[in-house]
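Below, each structure is written out as structure tokens.
One chain, subunit A, links the two complexes that follow: it is found with subunit B in the first and with subunit C in the second.
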Partner chain A sequence: MREHGRVPLLASILLMNWLTGAWAVFRKDLRVELRSQYAANTLLLFALAALFLVAFAVGPQPLSARVRAALLWIVLLFAASIGLGRSFVAEYEGGTALLLRLHTRASMVFAGKLLFNFGLVVLLTLVATSVFLLLLGVSVGTPGLFAGTLALGALGLTSATTLLSALVARASRGGPLLPVLLLPVLVPVLVSGVGATRKALLGQGWGAAQDELLTLVGFAGATLSAAVVLFDYVWVD
Partner chain B sequence: MKWKTILGVAAMIGFGTLLFVNFGSQVGGYMNFDQAARTGATAHVVGTWAEDRPTSYDRMQNVFTFHMEDEDGTVRKVRYNNPKPANFEEAEQVVVEGRNQDGMFVAENILVKCPSKYNDAKGLQQKASRSAQGETPATASSPQ
Partner chain C sequence: MPSQVQTQGLVSRRLYRVVRGTVVVVLTGILIAGLLGKIPQLDILEQSARNLYFHVPMWFALMAATIVSAYHSAQHLRHGDRIRDLRAREAARLGLIFGGLGIVTGMVWARFTWYEGTGVWWNFDPKQSMAAVLLLIYGGYFVLRDAIDAPRTRGRIAAVYNLFAVVTMPFLLYILPRQMPSLHPGGEGSPAFSQTDLAPAMRWVFYPSVLAFLGLCWLLYTQRVRLAWLREVLRQKALGNAHGDGDAAH
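So, the complex of A and B:
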């Protein structure tokens, strides 16, 4: 009976430990970010500038739903690829990577950074999408599908970006390398995101966008599981 | 450590399959009529106009219907809720974009590939021989 009770107890202690570690990494990043607001400023300024330019360039002409969806997603993808690479680069530049490596396990670092980046992408998506809807005067036919597509897309975008930015941060002057590596990887997110967003703008139901949504789920799942397998090697070696 | 890798790779393969199976249907290039009927989604079908089957344009309802033979030889009726595209008779190849509905293919868009005016291609000879016959089935059957 005693032997039986011990294993779940041990597992739950390990899980609690892991969650505490990941949460600590997240809180550290959040605190650093709140002091400098570097990433949030980069993301939001880039997205807002791009959206205003799009609005001026397009003019008063009504666009088709596909073009609208494509513009929104391109702004989101470029903003994320420019603004999200910072968190790992900062660890190496500040010399804190070694300290982090000593005190936490690789998976905790990844989970904390993933959560932090996800928060940033959600903030970016909320701001950029509402500005986009206001500026271009877009009405959304199926708000639920629209929000669901953006949420799934944000998850895939975050997981791919976090893993690749960890890789790129190891290279000297890796900053400009991130968009080059990232954007080809994000093609499925772009295509399916645009497809599902177009259907949401046109007011079609969830069933119509099934292929696109499953692609987004598949992409997020594949990149997350790739990160689980690969991040140890990226971080420790 | 070991089982984490195995589990991770298995999850990667699972999600990757989900990704590619569903992604393929979105970027998919051309299909034939059978595939288009099976997916039920919007598809591009390449083929040629089956001239020997009835072709008509209903002016009251603005519906153009014709039969098209795809690259695998399947002939299917195509409905297009627009007037007949320009140069339709001269086309050596037709691409219809649309979906299957009640046993026929409802096209949202028709692309006609016409022989170039500037090349001495065999398409031009086809066109010449067709105009030498004096009439085309599409104009003959459309109500005047």
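So, the complex of A and C:
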């Protein structure tokens, strides 16, 4: 009888420990980031510069919905692939990876970093999208579908980027490696995201974009589960 | 005394010889029968239908190489054997080679069927583009390997990337191409090699060709694995001599 009572208690204590650990990693990253705002500023400035380049390059004439959707997603993907690589590299450069490894479990580190990167991607998406809508004078036909597509895309983008940036951080010649690894893997996000965004811009309903949304959900789910399983091998020596 | 490096355990010599003989004979036969044999005369396709004997088996070989590479990557993560990493690497390299050949043969075929009279070589048909992305992923795998110096770390990190990429491949190969209009055979309203689509005479060349290309892929794979293993052992020996300790080739 006593054993039966203890198992759920033990499980809930372990879960609480895990959540506390993951939250602590997230808060640490957030605090380091708030100290210098390096990652957020790089990300946002890159996205803004790219958007201005796009606006200058295409000129004032109106664009088709497909081209607009494609431009937005290209800017988002490139900005994420360039700006999100820092958090793991910083652990190795600062020599804090070993301490982190001693004090927390791999899954906590992954969850904390994932949350932090997701925050950065959400910030990036919000800023880049509003500037994009403003600069190109785009009106969105179905705002709900537009927001939903961006949110699902951001999830898939974050899970793939977090794992791959952890891989690149282990490379002695990192440099521009992350975009090379990331962009081919993110092709499904790009294709489905552009498809659904185009339909949202044209004012079509949720039902019309069903295939694309399901693909985005599937991609986010598949990459997230694979990343959770595989991260242990990247983090622990 | 120059010591012999053994690669006996990696592949059965007898099996290798049997497969080598069979592949040489069968592939020669397929080259002759594939280029000179009778095929049904169909509009648009005409003689280009012979591409089936070469293009499709190349993709079978790519699929097999992908699966073998992912399997050995998973085994490498589980047990950490060096040989598993070498096997995963060589299988990925063969996937790249057969995939590249498959893309080229497909491109030439599409030029004279889909885009006949337009002079277009590449028009971003979903299946073609996704296949190209697949090759980019394997290209990334080798770039990642080259970016890491320590062999143990390199093996593990490359295995993780390989498995992660394999998880996203179904989206590239099966989900996305089915959501977009494609001219590629096997899609909606476009014949491929189901029961009614393939002439009986062509089956007698096509099926052996698939087996022969898989055999060729295996031959190249085992040879490359043995070569990679020899290099590895010799490198370890050289390192051992340089450091002056005898337990190099463990």
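Rule of thumb we're sticking to: the second predicted complex is superposed on the first by the 236 of 237 C-alpha atoms of A that agree within 3 Å, B and C clash if a C-alpha of one lies under 4 Å from a C-alpha of the other, contacts with A are read in each partner's own complex, and residues count from 1 in each chain.
The criterion applied here is as follows: contacts are C-beta pairs under 8 Å (C-beta built on N, C-alpha and C of every residue); 3 or more make two chains touch, one makes a residue touch a chain.
It should be emphasised that the depicted structure is a prediction, and the values quoted were computed from it without experimental measurement.
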Clash or fit, subunit B versus subunit C on superposed subunit A: clash
First (subunit B), second (subunit C), both or neither touched by A:V217: first
Superposition-derived comparison: subunit B or subunit C, residues of subunit A touched: C
Subunit B versus subunit C as contact partner of A:V67, first or second or both or neither: neither
First, second, both or neither for A:A226, with subunit B first and subunit C second: both
Contacts of A:V191 with subunit B and subunit C, given as first, second, both or neither: both
Touched partner set for A:V180, first subunit B, second subunit C, both or neither: second
Which superposed partner A:A24 touches (first subunit B, second subunit C, both, neither): neither
Segment of subunit B intruding into subunit C (one of 23-31, 77-85 or 95-103): 23-31
Common ground on subunit A, meaning residues reached by subunit C in one complex and by subunit B in the other: 188, 191-192, 195, 211-212, 215, 218-219, 222, 226
List of subunit A residues in touch with subunit B within their complex: 188, 191-192, 195, 210-212, 214-215, 217-222, 225-226, 228-229
Complex contact set, residues of subunit A against subunit C: 160, 163-164, 167-168, 170-174, 177, 180-181, 183-185, 187-188, 191-192, 195, 211-212, 215, 218-219, 222-223, 226-227, 230, 233-234
Interface residues, subunit C side, partner subunit A - complex: 77, 130, 133-134, 136-137, 140, 143-144, 146-150, 153, 156-157, 159-161, 163-165, 167-168, 170-172, 175-176, 179-180
Residues of subunit B touching subunit A in the complex: 4-5, 8-9, 11-12, 14-23, 25-27, 41
